[in-house]
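Each structure below appears as structure tokens.
In the two assemblies presented below, chain A is common to both, partnered first by chain B and then by chain C.
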Partner chain A sequence: MSQLASSRRPAVRRTARTRRRIGRLPLLPFIGAVLLAVMAVFIVVVPMLPGFDPLTQNLSMARLAPFTDAAHPLGTDSIGRDLLSRLAEGGRITMSITLAVVAINVVLGIILGLCAGFFGGWIDNVIGLVSDANLAMPVVLLLIAISSVTGPSATLMIVVLGCTFWMGYARVARAIAISLRGRDFVVAPQILGAGAAWTIRKHILPHVLPQMLILAVTDIGVVMLVQAGLDFLGLGVQPPSPTWGGMILEGQKMLRLSPWQAIIPGTAIFMLVVGTQFVSQLLTAESSTPLRKARRANV
Partner chain B sequence: MMDVRGEPLLDIDDLRVQFQVGSGFGAKKVVKAVDGVSLSLHSGQTLGLVGESGCGKSTLLRALFGLSPVAGGKITVAGKDVTHAGRRERRMLSNHMQMVFQDPYSALDPRMTVHEIVAEPLRVAGRYNSREVEELLDRVGVSAEMSTRRPSEFSGGQRQRVGIARALALRPRVLILDEPVSALDVSIQAQVLNLLGDLQQEFGLAYLFVSHDLSVVRHIADEIAVMYLGRIVERGAADAVFRGPEHPYTRSLLASAPIADPTRSRQRPPRTLAGEPPDAANPPSGCAFRSRCPQAQDRCAEQLPQLRESDPGHSRACFFPEIPIRAAAS
Partner chain C sequence: MLKFLIRRLVQAAATVLCVLTIAFFLGRASGKPGALLLTDGATAEQIDQLNETLGFNRPLLAQYVDFALGVFRGDFGSSYRNPSIPAIELVAERLPATVSLALTSFVIGVVLALAAALSIHVFRSRKLRALFIWGGSLRQSVPDFFFGVLAVLVFSVVLGALPSLGFTGPASYVLPVMTIATGQFVLYVRLLDSALTEQSSQDYVRTAYARGKSHGAVVATEMLPNALLPVMTMAGLNLAGLLGGAVIVEQVFAWPGVGEVLINAVSQRDFAIVQAGLLVVALMFVVVNIVVDVLYSVLDPRVRLS
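Right, the complex of A and B next:
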């Protein structure tokens, strides 16, 4: 008995600590984290289930309502494909595209923003001009124009979105670089004869990365919405591959007869966007706390 | 004491730094931030450079490291002309001359550990050695177990010690100290000044010590140069300048230095410097100090006084240095 109790004590302490940490989480970020976790598990687990099949059509089983058939828990679409499978597969495709787009955005934004902020002068002017031109360009129109030549594809959408949503990162990175470049700890390596690349990598990039993470998490939701919109317009991933936006497009035609076809993927998008927004709130608060501490220490 | 034998480690000859100000449609003006400054520094020597804010001290220091636009003159470090040195030459130069910054809070990267901060010069030079870093930190009084901490856990004095360790990492012979203690508490100032004194003896360092605090300069400097609006107006051995200041600006500076003892402070006649320093973009003709000088005459507006030796090793840029000595005596 006593042996058992003593061996358990650390585990008990650990759960107590975890509970305390969760208890300290503000409500909204907590909800956001749970939402994202549920979505992630869903996307990973469902394809491992025995009945997973997002593509096979079965017109005799078309437009089954959710929760009526054990083989199709979320029902089927207008040509009898399993909605649960399509939701998971669509989520996987949508999420990979979104993450690829955000990754391209972050890398482009950091490189261009740091160069603009650190070097200033004509480099800053040119990058600012490109950024403004990009902001003024309507993405949808651009995508329609290019895909009218090449035909729509997922790769094209990744490239176009990747090159049109970096400006936010660039602006924040530039602002931080400008605020740091006159500081003595950035001047010191220049006195040593270190190159600009060294100075930026060692002394500016580490200050920029946490802010970029916050922006990226917020942006996941935005990019996903834009992408769903483009899928909806038929400019993104082509059928029969499912995407959440594409599923809404298909469901929209049947809104009267089988509203769940659009409502289910719509709910998934809603949950993910809300989840990322709530989590980004937490990251913002976390990152500003040490900053405030440091400021207090400085004064 | 002063060592005037041999070649100077740092020699600044007629250095000029100019900035263009005012853009757009107005005529561009040239600000002569540093205007014909000559200084030299020998091994083991401390040269105090004093002057009020905006007189060009910091610009002069930045020019030494290629961070201000040099318009003319020559900077020689250890016999090599480095006035317009490129990046590779800067790396060589950093083995001879290093800098300690004024503000210990902005001089250290808050995201690096103290060990990494001191290691950086060695890493840039490509000869990083963990033990050497620990030795440097130990030498300036930062214990080994603190080296993995970040600057935010250090006090101002400790941070300045770290800044000094970083400056010493490449074993330079000249340290440029830009008001190294002005941001510290008075009690901490003494500790850091003592550390600097010890290091100077141990490594035979030469210091160019910039400050506006005359009591600090008097404590540490062998020789003093007084700067006003980009020019050196008086230069000489520290004792000589403090006992018998010859330029009216030096006299006003000495007179306005606060005295810690209230009784003595009350006995001293109030003789503070009137007015603001003139606009550097639009300095007075002739002697730049004449607009605030108590003994300015017509000649001061017409001609620029040159730095001239009065006694051996003591020079000033003033046409009428003798007058107020008599006035003060009466």
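Right, the complex of A and C next:
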């Protein structure tokens, strides 16, 4: 009997856990939002400071440890470049590439997903096939293959990354489009002569966008990790432009003499990825309510 | 069973053919490589001469047929830089290092995750779950290459306990394996945990309790075998990805694997080597997936019969 009771226990505990998780939510997303805000302010404000200079080398000032020199608060690297400036400039480059990549993927995913879901049939099949093929291709190898022909460049990395993360958006957009395409408010305008593009834009897209934004926040962290890895391999942004991944590569070679060169940009990546994870947790939990309301209002 | 196996083999051959075709046309899309391979001072005749010897002046279709036939004989062409060395040889001699690193990390990661997921369910502990999943997620937020650099800093530079670069003996495995295994850990914990949770509310579990089995025995002998099935597919995909995707970790530890050859080939624009590497990775991907499918169908007859 006691064992029967124990087998039933998980169900009870699960609801308790859910309640606890919702009760705990505000703290972590708050920390995440603070982390992201601090990084954003850092990237914007540091370039305005008087001593900002990410590129000038000064061998007499090489390998200053952090917090020892007022002119170089985070120290200098092995050829005397100011690490605070490089961290901010690297952050600006890394963040803008990450945001561009995510934006390309969101647009691509929405267009392909809505077409697949709205039209169905062979269009759906073809897009599904392309998506499967894309999933099976490891992005690092793909970029290696193309780079060995054309030479590595930032543009190439953006294009390749821009075509490798759209499948998640497409899947969600397709599912929503399928659930809506038979509804009266979608069918009626078409009977009255509205075109497919207009109907999709006016009546389906508004239902898809909130979900896409939530996915996008989660993806920022993922894309940043992949992109930093590619910069680390030397397949992305080329020196002397600083990137966080590239700075870790330079720091790795100097690990014995100036370990902070790798630790500082690595910590920045970690803070940003954790920040997006915490924030996306809140968005995921909140998302269902307005979406559900919107859907109910349209019935 | 035989029919199932044949169907999978045909699919696998189609996949490899697909990768082969993409690899070939990707290489030719950029034009003839003669100019890239010679120094800037080379005359147009010298460039043309090199293109001629490497066979780039022939019709595209003829080149493709030759290439495809060569691949089936195990001949992937020669390195552009060192025409005397077959490209496949350069990749093949590095293959054991890559495979052993990927397999070791994979096994250790899965075993750790298995232990974690089982302890969560045997002790029915929320705290353990939070610990493993949060700890693992935080670890996942650190890029693998940065985690590797930190590991080298702590264990090689500060403590001087472990070798940091290259392969000097079994101790060289510790840091790269730790890096890959901990990075994969949370993925398997999540999968196993949700699979076990799903199984825990099934009728057969209640029946097992009614027969008088202890909770630990139910988790280990009744729930676990069923929970492993869905995890296996994912793990197979992951292992295949590891074989091709450990390039970054290999680079951190100067591991003498395929990754190093591929990265060098990029800086030397030696597409022949990249082509051979891509095909070898695709082959491994396909083989791992067939093994997983066959295992799956042996363990779960429903797959075979459908």
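As a working rule, the second predicted complex is superposed on the first by the 265 of 299 C-alpha atoms of A that agree within 3 Å, B and C clash if a C-alpha of one lies under 4 Å from a C-alpha of the other, contacts with A are read in each partner's own complex, and residues count from 1 in each chain.
The criterion applied here is as follows: contacts are C-beta pairs under 8 Å (C-beta built on N, C-alpha and C of every residue); 3 or more make two chains touch, one makes a residue touch a chain.
Since this is a predicted model, take the numbers as computed values, not measurements.
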Which partner, chain B or chain C, is in contact with more residues of chain A? C
Does chain B (first) or chain C (second) touch A:R183, or do both, or does neither? first
Touching partner for A:L99 - first (chain B), second (chain C), both, neither: neither
Would you check which partner chain A:G151 touches, where first means chain B only, second means chain C only, and both and neither mean what they say? second
Once the shared chain is lined up, is A:P206 touching chain B (first), chain C (second), both, or neither of them? first
Is A:A40 in contact with chain B, with chain C, with both, or with neither (first, second, both, neither)? neither
Does the superposition put A:G229 against chain B (first), chain C (second), both, or neither? second
Scan A:G195 for contacts with chain B and chain C and give back first, second, both or neither. first
Overlap the chain B and chain C contact sets on chain A and report the shared residues. none
In the complex with chain C, residue positions of chain A that touch it: 3-4, 6-7, 9-11, 13-14, 17, 133, 136, 138, 140-141, 144-152, 221, 225, 228-229, 232-235, 245, 248, 251-252, 255-256, 259, 262-263, 266, 269-270, 273-274, 277
Show me the residue ranges of chain B that touch chain A in the complex, using the header's touch definition. 65, 67, 87-94, 98-99, 101-103, 105-112, 117, 120-121, 124-125, 152, 166, 170
For the complex, which residues does chain C have touching chain A? 15, 18, 23, 26-27, 29-30, 124, 126, 137-138, 141-146, 149-150, 152-153, 157, 197, 200-201, 205-206, 209-210, 212, 215, 241, 244-245, 247-248, 251-252, 262-263, 265-267, 269-271, 273-275, 277-278, 281, 285
Hey, which residues of chain A end up touching chain B in the complex? 183-185, 187-195, 198, 202-203, 206-207, 293-294, 297-298
